[in-house]
Every structure is written in structure tokens, then in C-alpha cells.
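Read from first to last, the chains carry the letters A, B, C and D; within each, the first residue is number 1.
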Amino acid sequence: MKQDASADLAMRQAGLRRAYAGVRACSMQLIAGLSAEDCMVQSMPDASPVKWHLAHVTWFFETFLLEPAETGFQPFDPAFRVLFNSYYVGVGERHPRPARGVLSRPALDTVLAYRRDVDLRMDALMDSAQPADVLNLIELGLHHEQQHQELMLTDLKHHFWCNPLHPVLDSAPRSAGPVGPLRWLPLAGGVLEVGYGADGFAFDNERPAHAVWLAPFELASRPVTQGEFLAFMADDGYRRPELWLSDGWDACMREGWQAPLYWWRDAQGAWQTYMLHGEQAPEPHVPVMHLSYYEADAYARWAGARLPTEQEWECAARAGLAAGSGEVWEWTASAYLPYPGFRQAAGAVGEYNGKFMINQMVLRGGSMATPSGHVRPTYRNFFNPAARWQFSGLRLARDSARGEQVCSPAPA
Amino acid sequence: MKQDASADLAMRQAGLRRAYAGVRACSMQLIAGLSAEDCMVQSMPDASPVKWHLAHVTWFFETFLLEPAETGFQPFDPAFRVLFNSYYVGVGERHPRPARGVLSRPALDTVLAYRRDVDLRMDALMDSAQPADVLNLIELGLHHEQQHQELMLTDLKHHFWCNPLHPVLDSAPRSAGPVGPLRWLPLAGGVLEVGYGADGFAFDNERPAHAVWLAPFELASRPVTQGEFLAFMADDGYRRPELWLSDGWDACMREGWQAPLYWWRDAQGAWQTYMLHGEQAPEPHVPVMHLSYYEADAYARWAGARLPTEQEWECAARAGLAAGSGEVWEWTASAYLPYPGFRQAAGAVGEYNGKFMINQMVLRGGSMATPSGHVRPTYRNFFNPAARWQFSGLRLARDSARGEQVCSPAPA
Amino acid sequence: MKQDASADLAMRQAGLRRAYAGVRACSMQLIAGLSAEDCMVQSMPDASPVKWHLAHVTWFFETFLLEPAETGFQPFDPAFRVLFNSYYVGVGERHPRPARGVLSRPALDTVLAYRRDVDLRMDALMDSAQPADVLNLIELGLHHEQQHQELMLTDLKHHFWCNPLHPVLDSAPRSAGPVGPLRWLPLAGGVLEVGYGADGFAFDNERPAHAVWLAPFELASRPVTQGEFLAFMADDGYRRPELWLSDGWDACMREGWQAPLYWWRDAQGAWQTYMLHGEQAPEPHVPVMHLSYYEADAYARWAGARLPTEQEWECAARAGLAAGSGEVWEWTASAYLPYPGFRQAAGAVGEYNGKFMINQMVLRGGSMATPSGHVRPTYRNFFNPAARWQFSGLRLARDSARGEQVCSPAPA
Amino acid sequence: MKQDASADLAMRQAGLRRAYAGVRACSMQLIAGLSAEDCMVQSMPDASPVKWHLAHVTWFFETFLLEPAETGFQPFDPAFRVLFNSYYVGVGERHPRPARGVLSRPALDTVLAYRRDVDLRMDALMDSAQPADVLNLIELGLHHEQQHQELMLTDLKHHFWCNPLHPVLDSAPRSAGPVGPLRWLPLAGGVLEVGYGADGFAFDNERPAHAVWLAPFELASRPVTQGEFLAFMADDGYRRPELWLSDGWDACMREGWQAPLYWWRDAQGAWQTYMLHGEQAPEPHVPVMHLSYYEADAYARWAGARLPTEQEWECAARAGLAAGSGEVWEWTASAYLPYPGFRQAAGAVGEYNGKFMINQMVLRGGSMATPSGHVRPTYRNFFNPAARWQFSGLRLARDSARGEQVCSPAPA
């Protein structure tokens, strides 16, 4: 029996080794077409330079994997411990987030050398058999890097948007193709399971699996489109306080919102949108994105509907009914809070998700910038309700028209 | 049958008429011992002058009851429509909240005359039989005034605290008596009902009643005491970031928190607390209050426990197990969001609660400043997690030690 | 000889005693028509409540005169030492300026009792012969109170302006009568004396008298009128950045200035102005006021002229040519800096003026709110260039048309 | 005669052509050792990226020289007109100053190509004889570029300081050598001339030459040293409000100043300073720099002296008595205001200096980063009194001990 477990571990390690090579290579592909200068821009405190992302995900492996494992551990550069720590208080000091853009040194070339150095040392680490907890950390590190791959594109879009030249990145992912007409999918309620309960990888915030009680509801068959959102705008959606949450209306007034982020009117008064691959007119049948929670919520109220809760969304996704997800992150009506029975991991890694469980709303799904394989029904993304620079849209929900249950979702 | 309904209505109207007289008189008792100057202080944008509260609750009756009902309606003063509107966009313009403290005119005497005038006109209104929806609005207005009665004391405490003289209000309510030792009350889970489903009065945010699924849990028999909180402080609770939510730690650093609000060290280094009825040393066996959500959450983590969700709290309260509630508001782990099936009332009154359902956490219970009769198991109070000037404390909860526990709470 | 000096002193003391009674009574007349609530408003950090002014000027006498002189000195209330200290670091702690409006206690009645108590004790002090330095301090205290008399009206105007009811103070001073056509008064330059060099009272910032060299210049015979300023407004003066200093334009954009402070458009689009004695249309022939330095400077540039320096202004005033002064304070082109040879007085009183000599511009003249006897050619008023709530206007100057001009100013 | 003037012009043009080549080459030498990433950092809104400086000074020549002169003018890139306009409202829109750091595009290489292109076109322009006003603009452009050469180093120091790695620029200028003991140089007063009245180049703010009257005074023979400033620090200079202007004390408290900018304590508690060429301990006999006006003023008060006025400084400099100047800019006691008779140039170039004549104090002298040939007795530098990132120190002055004149300065 022990031998079997050992063989399983070995097989898992081999798989992770392949995944490591793949994920790390993927980060490098993302920066094709970017100059060292491009990789250094920080257009706002919330958005980090691409170079910083590249170094930070590498710091994760060096700090949490190599440092405990290597005999006579020598860091690539001792200063990187502080420079590329994001928020792990348990690891020590951090370079202030709004000042990540001043780091012309280390140069991008040095950061790339750092990546290669850590890759070699990780290779060496994986030359010998590792226990399950080390494999778990490697897996966490890879999912962590995948998260930052999406953020690199998300942040870069904001950086480039702030440059009046609106630079174009040819290799940037295109937006989704058009979606079809909206249908309302009825879902039965009852006591259902949500959260991740299987053996594979999931972030701590997706655990534990637990029961919830849901009333019957209906979910839209696809996200709201740009064309639908234009109708909201044309109906004075941005000028009617009765459609908005109070904090949302304040934000709308304070920031002067008149359209989603990255939209502007051209000289002829027509709306244009900035995409990493170029400027273009809105596409009526493509999901709208770059909305804050406030805008998503106001739209839903205007449409006579509401946002789904994250539990509703997840039950529908498990039932295979959230088609079209994967194009935009979808704001849900749920605050980002710990699941019942949530346990924080020990040590600095435990800071990963738990300490942010306040003042944020959950998004579900995934966007065209989300690495493939990183989308799953239990995945919880989360941002402040005023955030607009994510690839964030919405999907409508509504209470079941008929109180009685219509059809049952697939078993959990 | 129709006659019966009519008789019921008449009886209800008679009851409301008595309640109206009582609630309105209660507001007047609250300002005994306060000068016109005292009633005008505004120490921060979040806290309104007492005079403003007195006028605003009166404005509610004039605007929502008298204006639609009186033939040839003449306002007491047309300017009051703007001056004493809190946030009802549907009613029109509002005087800016941070500038309520500049309103030396109307004088307190004028506001009291306004109260008397509206009371007479409300009396006249209640001389004739009113339909149910008018009675509903009167009832809402009375509960609204009761809310503001607590706020008058809450805000006044902050106003007076900002005056180095620390004025004393002899008629202010005393803090609670001492509570006993903490016991853990086990509660079974299952599908339970929360929310207000009966016929009587409840705010819109308490409705509709709906089912939730709860895992078994344990709830503390009483709130955390000042003595317990002093132990947290002595154990460096305000200096250990690992105990805090990230936003909480930022607030703690930014504001320099070292103790609950209204606590300071005297010349000998001993803690003192400011109460409306005077200064005093902390009372070890009395519930601690004037905590933000962040402090409550950090305390719970330090204590190896957690905050209850509002559903857990409510189920325990229905089971009669939340003893000691009514002394301090208790932060729960639940974000303030609409209940499944929540419906906003039509018209400006519908702005009452719905548009604030974001960025706030729910408090349950009630404080020694809450008017008697205003405490009920389904009541949802809500504030920003950084707010400390409310009479806000906490009660601990924890997951059930034995997963299999099935003991049932007392029937609701 | 000694006897003569002694007799002079006695005579001076007798004069000061009469002045004391007069100045103190004048402060009480100012508050006729104001309620205790009115006297407590603080509409912005820069403007203090009337009650605070009344107490602070009294604090000056208690702290600087009575405390050193009275045997076994007992303060009226020990807390007042902190509460009513404006900015004298040498005296100890101060209540924070922006929070002066929260001081409902002490009540206005208590402050008036404080005034009477200090008046009696000052009377007792003046019953016995006092040395010159004590008399100097009394004189300083009286001029100090006169400064605050103007500030009481200045600040009150801002307090009342922030109340949408625009309260009226019947006893408020009226604006000046109309002025005549503008004439240009030629003044010769040369080495001239400015500053106060005589024996009587002057503030430290007016001393010492010293020589300056002035080129010949011309000064307008009277301040700029509201009618002239309306022409500037009609000519897009508030929308042409080339007329403005860079910091001024930033302020204009940030604050949305479109007219002097206290001006607004009525429902018909006509300009109205708020005066303490009531609302009224602009008066074309009356000096314009409530301008910032930036607006005054922009107007002068638009008019093809410039502001006079304070030295030019003073030389003209000494020559009797600044007719019309006394209606509005007039911004000069001079920064508020120490005169050559300026010496700060010893002790806390020395903080009076010196430590503010940065980031401010000098105003000369006086306004209709300036106490009579408080206007003199050497008087230096000073405010931040963005300040608009003072009774501040401007007078034009220009370089002498003929460089060689040597005509002497008209005899004083 | 006309031929002579023409020959003079031709000679002047030839000289300017040589100067153009030299000044432009000098900018390129400054960036030796800097990467494209280094040239892009913007560490605060007040400090621009090196790349932006390089482009902006080039924009000046393209906009003010080439655009009016070239037939069928085609800009190098039309977008640069907005991107590299600093503050010339007359030229049109500007990219917001705080966002200059986001401009990864155009790349540094593109900016260098822009420089080469404009250099070729300027060469072509100077191939034909140009009238005097064109030559004047070229000369202005060269002095403008020299100003920005100093700013490149000044800003770069701040950018690099904000990087915890404290990058070193080998080619950076060293600080001055040690200075000798302080001597007091007596200067007579009287009517003296200041300002630039000769034929050569000077900025508009140095003109016109005009008379001033100065009392006799004494000036220190050299700037204050780091050793002297350490004595001020050791004597609690940063903790004694009585030494400071009121606004200065506020800034000191708000910013937590304890030493000049770029000083910090090492692990042993010893002061270290950051220089572009490396970290080092303070040098006792070298002038102190990176002081705000507030610190310079507090030091002078502590030392029982004062800052000189800019007129005093200039008279001493003309007399050859301001030895040691050229190491640090020296704060003077003078506000930056127009000279009597100041005239703004016509057109956008006229915005150069005049519109900043408010809220700033004058510095005189020059620093080790000032291009040689850019230091002259009439030069007026100016910054906000809180600015510390310039190479700014101070020199003491005091009133003449003996009222009578001691010795005469050299004739103006």
C-alpha cells in the first residue's frame, strides 16, 4: 500500500514538473511584444508593473519552496525578498505598492535572469522525490502564477490606456465572439452543496464544501452584451440615482462615469472602446466588460432583474448551465466572506486569501484573459465594488416566477 | 366581515395614536438637560446634530403623511423640505450632510414649534379613519423616530467627546450591569427560517422570511466584556497584524487605534472611558463597546473563535439563547445584503434601506440606548466595518466541536 | 523729569482705561441680534465661531495681563487656557482649530460671564499705576480685540452664507456708498520711508520704519467697483487662463469660481450677492469685495494694469491719495515678509505676527467692518492668496507713463 | 552701418550654432549609464522622467523655432505636441504632469531619434541667416535645455532614492570640496542696482534692472555646512517649534522631518546620505543641501542670523563676495515676484516665467549640477518653500552690527 502511495506521489510530481515548465513558459509568452519600458509602467496603485508580476511569482517559488529546501540557501538577490513581497506580513517588510513603478532596477533583463535561476533550482528540487506538502506548495505556486498572468494583461491594459498613444499589443487575446439571444434557465432550489470538496487543487477560499439552501431561481443563459448595455446608457442609466446603490451613485458622480471603463466618444460622438489589440467600436453581441459592481447592479435593477448570488451561480455552473462563462468575470450579489468552516493555512502562505475577506464582492466565471485550466465552477474571484479595470461584466438572475420548483439541477 | 376588518383597523389606529404620543414624547425627554448649543454640535460628517434629528423625524411625518393627506397642504416652512431631508433623492434636493452643524437657524425653539405643529396636524389626521397603507406609514415613521432616538445619543456622545470638557448628561442611560461567566451554547443546524414573516411591523430589510441551511455551531452565552478585551490589549492585540483583516490593519495603523473609541489613558497611565453620564474606569464584567468590525473580528481570531453570522445569531435569538443582548449591538460576520426575494417599497420611502445594501456589516441585538420595544430577533442594524461610534460590541461563536451534534434549538 | 514721565504714564493709563471700556463694549454690541446658536457656528476651519472670538480676546487679557500681575492668580476656568489659545505655542496646548465649532460648552452665557469677570479684574489692575510694558500689553490686547471684531463679522458672514436660509443680521454694517470715476494719481519715486516709526501703537510687523526706493508710478483714485468687475466677468475673465497666475488658474478650476464669493445667479440668471444685512443685486458703483489675490491679480492684468506694492500703497496713503480706502481691504503685489531689521518680541506675545510671514500676500487699507481708529497707512493685513472670505478687493496701479516723471505727490 | 549689424548678427548666429551643438551634446552625456527603464521613472508629480525632459526640450525647438520657420511644417509626431508640452496653455492641451511616468511609448530610442531629427532640422534652419528674434528664441531654447539638464539630475536623484536599491550613477557630479571657516563680510547699503540690464542673455524674470535701497548688512563668506547643520539637529532643531515659521512647523510635523532629504540613520544610528554617485556619511565641511525654505529659515533663526534677501545676495555677488556659490542653491528671504517694470513676452513663450510668480521663494547661486555658464549674479531660481529635492542650501546674513556703512561694494 505504501508503495502505491509513493507511486502516486511520483506520478503527481512528474505531472507538476510538466505543468511548471508550461506555466512558466506561458508568462514569458505574455511579454512578447513588450519593451522593458512597457514592463515598468504603473498607472495606478492598484495595478502593478508587468516586471513586478514576473518577479513576484518567482519570489513565491524562491521564498516558499527553495528557501526551506535548499541547503545553505542563498537568495538570487537578498533585496528581492522585500522588493517582490506583495503583502505577506509573515515574510517581513514590503516595498510600498504604489511605488512599484519606480523600480527601474532591477532591470527587466535581471528579472528574467532571476526567473531562469529559480527555474533551474526548482528543476533541481524536483529531481528528487518531494513529499506531498511540498508538491502542494508547488501546485499553489503555479495557480498563483496563473492568477498573475491574467493580472499582467489586466494591469497592462490600464497602463496603456493612460498613455494617449493607446499602444497596441498584437499578441493580446481577442474578446469573445458574439453570444446568442438571452434565455432564462430555471433552476430548482433546495439544500445544495457548494464549495470545493474534491481531492484536486482549489484555493483555500473555495473550501470547505458545504450545504446551502436555495430558493428556486432563473439564470440568464449568457452574460449581458454591449448592445444591451448601450440601451441602458441610452435610457439615462448613468443619470438616474434611483437605479443605483447609494455608494455606487456617489462613485458615479465623483468619477464622472458615463460608460464602462475604456469607452470614450470619438470626434463624431460615437462610442469607441480600447482593447489591447486596438481601438474598435462596441460590438453589440459581445459581452460587456470593465464594469464596477455598482454599474452591474444598476444595470440589473434597470433590467428588472438582479445579480445571482455566488451560490446560485455555482449551482448553475455545476449543472452545466452557465454557458458563455469564460468570456468575462461576472459580478455576483455575494460579499466575499469565509465559507462556514473556513480554515486559514499555517504560516505566511495562510495570508493568501483569508485576510482580504471584507469590503469585496465575489465574481465568478473567468475571462478571455484567464489561463485555460484556471476556470472552475467553485473559483471565487473578488474585488472592491468600485473596481472597473478587471475584465468584469455580469449575468442576470431573477426569482423563480413560479414558486414551485421547475426542474432539478444535476446532482452535485 | 368587512366590518370586522374595519374594526381591526380602527383598533390599530387607536393603538398607533397612543404610540405616536409616546414616541414623540420620548424624543423630547431625551433632550432634557441639553442646551440649544448642545443640540447644534456636529463633530463629524457621520454624526448629525440633535436638533437635526429632531427636525428630520418630524419632516418624515410632514412629507410622507401630511403632504399627501392635507387639503391645500402648506408646509410649516418650505425650506425645511430641503434642510431636513436626509437622503431621499425622490423628494428632491438635500442640504449637504457634513454641513448640518452650520444650521443655527432654524433655532431649536423653532424646531420644537415645528414638532408641535406637526403633532397637532397628525392628531387631526388621526381624527378620521385612515386606510391601512396610511397606518403603515405612521408605524414606519414611529420606528424611524425610534431609530433616531438611539442615534441622538450615539451622535451626542461623539459630539461631547470631541469637547475636551467632556460634558456630562445626567439623564443619559447607564451601561449595563455585569454579566456572568461565558458558557458555550450548542445549536443544531439544519434548514431554518430567518427573517420577519409575521403580520406586525418590521423594516423592509428584515423581509421576506426565508429558509437557510446552518451547520451546527456554538454561541457564547453573553457578549465579550471589557475585562476580556483588556486581556486582548495586554497581549498586544493592537500590534499584531496577523490577527487582523488587511483593511482592518490599515485602519488600525492609519487611525492609531490602541483601545476602543472613548478610551484614553489618564496621567497615571490607567485606562479611562468616557460615558455620557461621566468618566469612569473600565468595568471588567460589563460588555465592551465602541468597537469597529475590524476590532471585533481581530478579537475573535485572537480568542480562537469567530463572529456568528446573522443567521446563526437570529436562530439563537429565536431560541431565546442570546441572553445579554440589548446591552450592545453585536457585529456579525454577515455583509448587509438583501434577503432572497427582497422587494423595495414603491416611491421615496423605498429608499429607506435598500440602497445602502453594500459595504456594510450587519449588527444584531440592541444597546442600552435602543428604545424599549425596538429590539427584536429579526432586526438588522448595519454600519461600515470601520465605524466605532455606535454602541457596538461582539459575541463569540465557533463551529460545533462535534460535527455530528444534532441537538435542536428551542422551537422558534 | 521723572515726575513728568510718571504723569505721562498716568495720563496714558487713564486713556487706555477708557479705551478698554469702549473696545470691550464694542464687541458686545456686535453680537446684538445673534443667538447662542448663531455664535457657535463654524463653517470652515479658517473661520472661528463668534463665541470663540469673544472668549479668545478675553483669554489674551487673562493670560498676558492678569496671570503675571495677580497675586495668587486663579483662572476663571483652568480649561480655558487650552480652549481659547489660538496658536501661542509658548502658552502650551491648544484646542484644534477645525474643532472650535464643537464647543457647545462653555455656553455663550458662561463666556459672557468670563468677559465680565476679566473686565472686573482688569479694572482692579488698572486701579493702581502700571509700568509702561504693562500698558503696552493692554494696548496690544485692545488692538488684538479690534482685529477680532472684524473677524467676527467676516467669519459670521461665511457661517451664515453656508446656511441656505441666508440669515440676516440687522445690525450688520452696510457696504460703502458709491465711488466716483477712476482717476490716475501720479506719484514720484525716490528714496522714501515706509513702516511705523512714531511713538504710538503699531503692530510689530509694521516696524521698523525703513527706507525703500520706488520708481515713479500711478495709483487709481479708488478701488475697483462691482460694475467694473462685472465687465471682467462678461469678458470671460473667469475662463481665460492667460489672465491668471498658474496657481490661481488651478484654484479657479478646482473651486469652480465664476464670480466673487457670496455671488450667485438667481432663477432668472441675474447675479445676486449675500450681505449680512440681506441679499441684493450687485451695486455697480460700490467697490467689489470677497476676491482672492488670484482674482484681483487677474482683473488687474485684464485691465492692463497691475496691483500696487505695499510700499507704493503706503507712500500714496501717507500722501493722502488713497481715498476710498476703508471700504475694502486692498490686495497688494507684496508678499508678507519681515521688514528689514524686524525683531520679534520676547515670549509668547512674540508669536503674534512673525511666524506667519510666509505664503501670504499683504492687504492694505481697511473695510467697512474694520473698527474705526484701526485704519492707518502702515497697517499690514495678510492672507493666503486663495482666501476670499475677507472683505477684500483691489485698487489698480501702473508704471509711470513717463519714465522721467519726478512730480512730487500732493502734500499730505 | 547696416552691414555691420548684419555681420554682428552673423557672428552671433555662428556662436549660437556652436552653442547649440554643445548644449545638445551635453544632455546626451547626462544619460550615459542610464537604461531606458531608468529614464522612465517618475517618483512624484513634481519630478519628471529623464526621457520626458529629453523630449520636452526638443519639443521647445520644434514648436517655437521649426514650426514657424519650416515651409509645409510636418511634426516628427503630431502626438508629441500634447505629450511634451509642459505648461504652455497657449500651445494647447498637455498630458497631465503626474502621469508622465506612464509613457513607455514613445520609447527612449524614439525620443533620441526625435532629438536627432530636430537637430538636423535646426541645422538646416541655421544654414540661412536668421533675424535677431529667431536667434533670441534659439538662445532661450538653449538656456531652457540647460535648466532641464540640472532638473534631470535633480529628479533622477529623487527617482533613485525611492528605489530601496539606491542605484548609483557613476557619471554623476560629485559634491563640492570642503569650504573654509565662516567669515562675515560687511556690505554697505544705499541705492543699488539689481537685475539684468546688459545686452546678453537673461531670463525675463531677471529684467529689468532697477534700483533698490539696502541698509548695510553682513553676509557669510560661504554656505552653511553639513557639520553646522548637524549641530542644529543635535540641539533639537527639528523639535523646537519656536524656531520655525508656522507653516514650516506644520510641514515638519506632517512629513516627519528629522534631517535633510536623502539622509537616514543606518543600523548603528549614524547618519548616512544618498548621493547619485553613492551612499556616504555626511561631510562636515561641505555645504548642506536638500533643505526646504522652512529648514533653512529655522536654521538661520537658531544661528541668531537670517537669510539674505535676493537683493542683498545679488549685490554681494556683483561685488564678488558670494564665494562658494555654485555648490548649492541658496534660499533667500525674498518671495518670487515680478521686478518693477516686468513685462511678459508676447505669445506662448511669455508663459515661461511670469505665471509662476506666486507662492514661491527665490534661490540664488547655483549647484554642482548647474551647467557651467549657467550661473550668474542676476539668476533667479524659485521653488515652493516646502520643496526639498533641489540641491538647495543656505547662506547666513545679518543686519550690520554698526548702523554706519562699513565698506562699499564694487560699483554695479
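In this text, contacts are C-beta pairs under 8 Å (C-beta built on N, C-alpha and C of every residue); 3 or more make two chains touch, one makes a residue touch a chain.
For reference, the UniProt names are A, B, C, D = Ergothioneine biosynthesis protein EgtB.
Note that the structure is a prediction, hence the values are computed from the model and not measured.
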item	value
Given chain A and chain B, the chains that contact each of them	none
Identity of the chain that, by mean CA position, is farthest from chain B	D
Distance from chain D to chain C - Cα centre to Cα centre, in angstrom	37
Averaged-CA centre spacing for the pair chain C and chain A, given as whole angstrom	59
Distance between the centres, which are taken as Cα means, of chain C and chain B, whole angstrom	47
In chain D, residues with contacts to at least two other chains	none
Touch list for chain C against partner chain B, complex	35-38, 40-43, 79, 82-83, 95, 99, 101-108, 159, 162-165, 167
Touching residues on chain B, where the partner in the complex is chain A	87, 89-90, 191, 210-213, 215, 241-242, 244-248, 293-294, 297, 309, 333-335, 337-338, 340-341, 351, 355-359, 385, 399
